[in-house]
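The following blocks contain the structures, represented as structure tokens.
In the two complexes that follow, chain A is the common piece, with chain B as its partner first and chain C second.
This part shows the complex of A and B:
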């Protein structure tokens, strides 16, 4: 009996303790939030005035701000800096360096806990000084995949071309950084990353070549067209061909017409044909009309639908071919052509439907 | 004779006592795992890069599939809210599953739908091939299909066939997604593209919340106690329980109310099974099976941050039907994939998750009801003493209460969605109240569902009566039925 009573007591005590914990946690959180808001709200206004160059004394005030209040403001300053460009950004970065934000982030980037290193990487990317970028290069090879990803994203945000070699190295599968993050970082760095990416098209690792090809297409790097044409050659590995052709389609390079036409051939891989058909639509070459029309007739369905969309992109000539198929085509080809035409002119169809409704009404 | 009965009853009671202790300890372990996950999540929150994902041209585009049946009152609000989700590239595919109300007309008026010839490759076989396809006249990435009624699973399969993008997101038409929900739930596909095959979001109760234009403006506790108790239940089971399983990479259930899947794999396993009443869980188990058999590395992840809000039943009748169906669905899934249970070939799924679901989910109502009955009989016959009775009560109720409050602590420390003090007090009260009647009743309904599954009685979704969201505009109460989009 005593054991049971003790157990009841212990459970009741635990429940009370947990309820007290909930209440205390909430009270503490609300107090902290309230205090932080009260401290930060006026400073935020001043910060906006500072970046708008409306308050000349604001900079001095932030320089002299007591450390505890700066610590509260710091995340807000960093988030604002990340959204700015030009002089305002420069002013805030200088302020952060002066207030020790950079030094603290550099110190935190050596912390034992991965989460702290990752957050430090974010700050370093926002500040984006030479020193910060150098440290991000090291963090991009951190043993934690999470830190590596944060460092790579931050390198892109830093806007400094010194980060390009690290990012190219991160394209290797061994780096175990999600490819999409690396690609985005390189795209953010823009045109300065193009030469290294073109060189990466000759990289011994196929995966790096494939990725470089895709990024060059997204980057809009027209100077990469000759290298991409070589990469899209028939003897290249399928995935590389696929990505190089997609890049050429995205770039709308007229030189790619022959390569794209070849890739639509029946014996080719389905994905490759799909990309080639998309690319031909983007290229805007009139010579693509009969090829795309033939694809609609031959199918399969998914490819035919893409080809129909491609013809629409070829303006009058493409639309004429679609109208011909819609009127005189057979089976699925006719349906695909009709679907594409209705979709393209859905606005007119809507008006016509509304008009016939009005006519029908008494 | 009485002595023999007494011995048997004592034996049964001790078995049930140990069982109750084990089941609650299992829940506690999952809660601890979830707490660890939330601590990690809290630490890394500043470095997750959601804003980067939003502007990433390589973020995988998503087809949101919205099966719906007679949701005329809320369908436009729901579609508008879906179209306003924060994500780089997505389309919304609405499948009207033989609606007999004006769902189509209201959609047509709102989005100026134009019919286009329907050419669908049947990658997943569907029951009703005859469909009509409509697209929005403007620039909204919206496609609407109308077809004969063939059930929710079949409607989703049609949506998957029509989906243009590599990821498919299954959402219930009456679910309300947080604006960033898609961004968050797709993040694991960005972080680990090689391995992540499915992700799910947390489902919370929308009853009582302040809703405007298909968005949750303020999270509040509902008024009816039945719904309040379910808020706690969802917190414990959906948020913490599933997060715990996710951490073990053994998540068996991704709710059909909000789940994101790799389309190629869903097609590879044949899509949702329209003959199974627990089709969401069945799909996830089939994916696990496929990946384990092919020895391909993979992950199924629950993301605690994105939230899908759904209306929970406020009447005992509707709740009973829901729980019977859930129990039945679970029984069907376990029966269909019984070869996986205890089979080392399926790793943690076969050796841990599925046996756990058999022992602590499927059998729980049987043992719970038997245990309570045995204790009462034994007390009446004097076969056990009062100490045992108290001990039993403590394990059955006290441990459960402790778990609910622990779940509340974790919620308060991590997400703190219920901002009002009053709601916090109601949550604590609901955690206490659920032990007296609610748990026993749900166990009874589950028992009925499991029994129906055993007898292979024909599954019926039944009429689902919605009371509508408390302050919803304009989603007013509408009668619906589970066949198409509705999930109770």
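This part shows the complex of A and C:
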């Protein structure tokens, strides 16, 4: 009994001690942050004003700042640089290079501790010079997954197309960088990543081809349409066809009409048919009306509902087909058409219902 | 001189925009969230509203849609400030009634010229 009571007391004391430690650590951290913010506040205001003026020469004061104050300000300058584009960004990067920030980040990228290398990667991405991007290429293959992810994110932030080959290599599953990070980095780099992604549609690794197709669609890279059409061919692996067709639908490429129509055929995979039906709705091609109407009649239900939505996207011709099915169709086809029409005109129905209620009320 | 409303939860961006527009001779009303932006327009009607898309609680899209739904504020030109450059996000912005959008990271100079262009269009 006494042993049990002692054990409870000891556990309670331990919990209290832990809570006290956490609270103290947080308070100390908050104090440090507040003190640092108070110290840099006047410099921050001045820096913001100079940046707003986009007067690179006016940054001279910060070039001459004593090292201790610069050390305090440096993380803030880096975070501000990441929010800017154009001349102001260029001026801040030049300032960072002059104050040795780049050299320090390059040195820290060789540190033994992964956390230090990851922080260095973030700084290198913000500075984004050729030298910084080259080093990020090495860090993207670091033995720590934490550092690899930071390097990939930073390559996207650097805004430099020199980082694209590294990112394409990171699309390979054995690169062990989460696909989400790589895709976001390539999307952030934008159109300059399109040529390499188009080349990646021929990559020997199927997973890379699938991912490249998906990113090209998200990127809105219209120049990728011919390559995506090839990737969506009937002889391609199913997953690649799915992603290439989805990308073509997203791009709203009229050239994709035939490929999308082929993929709605009854013998095709259900997911593929679904994506093709969605794509036909997005394309806005009047020729899709009979095909989507046939899908509504043939089902299955999920696919028919998507086809009905697709018809709505085809404006007058699509709506006319839906009205025909709603009036003269049979079974589920009639219900799907009616549901789509009610959805399209819901505001009208809502107003009519409200009006009827008003009239019926005493 | 025009009255411009700026709503962004990022203090650096808010201050930068305020400095840039004030230096160009505009009066700037700065707030850090969506509800404050809507409260501000009930007191004074700005000539342009610059709204950050990703604000906690109420997004720039929501604020824009709210402005458009009120007769008094429906005509305020809206510029969205967004880190989201994907086509779907831009479409969402325009669907909510935005007149233009600026992608973050941004150039203060570009922001000013976009604001001037929106003001010129509104005055025509």
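Just so we're on the same page, the second predicted complex is superposed on the first by the 295 of 362 C-alpha atoms of A that agree within 3 Å, B and C clash if a C-alpha of one lies under 4 Å from a C-alpha of the other, contacts with A are read in each partner's own complex, and residues count from 1 in each chain.
Keep in mind that, in the parts below, a residue touches a chain if its C-beta (ideal position, glycine included) is under 8 Å from a C-beta of that chain, and two chains touch if they have at least 3 such contacts.
Computed from a predicted structure; not experimentally measured.
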With the two structures laid over each other on chain A, which partner does A:153 touch: chain B (first), chain C (second), both, or neither? first
On the A-aligned overlay, A:187 touches which partner chain: chain B = first, chain C = second, or both, or neither? both
First, second, both or neither for A:178, with chain B first and chain C second: first
Check whether A:85 is in contact with chain B, with chain C, with both or with neither, and answer first, second, both or neither. second
Of chain B and chain C, the chain that contacts the larger number of chain A residues: B
Would you check which partner chain A:332 touches, where first means chain B only, second means chain C only, and both and neither mean what they say? first
Have a look at where A:48 lands relative to chain B and chain C in the superposition and call it first, second, both or neither. second
Who does A:218 touch here: chain B (first), chain C (second), both, or neither? both
Chain B/chain C common contact set on chain A: 187, 218
In the complex, the residues of chain A that touch chain B are 1, 3-5, 7-8, 11-12, 14-15, 18-19, 21-23, 25-26, 29, 75, 113-116, 118-119, 121-122, 146, 149-150, 153, 178-181, 183-184, 187, 218, 300-302, 304-305, 332, 335-336, 338-339, 342-343, 346-347, 349-350, 353
Chain A touches which residues of chain B in the complex? 40, 43-44, 46-47, 49, 52, 55-59, 112, 114-121, 135-137, 190-193, 386-387, 390-391, 394, 398-399, 401-402, 405-406, 408-409, 412-413, 416, 421, 424, 428
For the chain A and chain C complex, residues of the former touching the latter: 45, 48-49, 51-54, 79-80, 82-89, 187, 190, 218, 220, 250
Flag every residue of chain C that touches chain A in the complex, lowest number first. 10, 12-13, 15-16, 19-20, 23, 85-87, 104-110
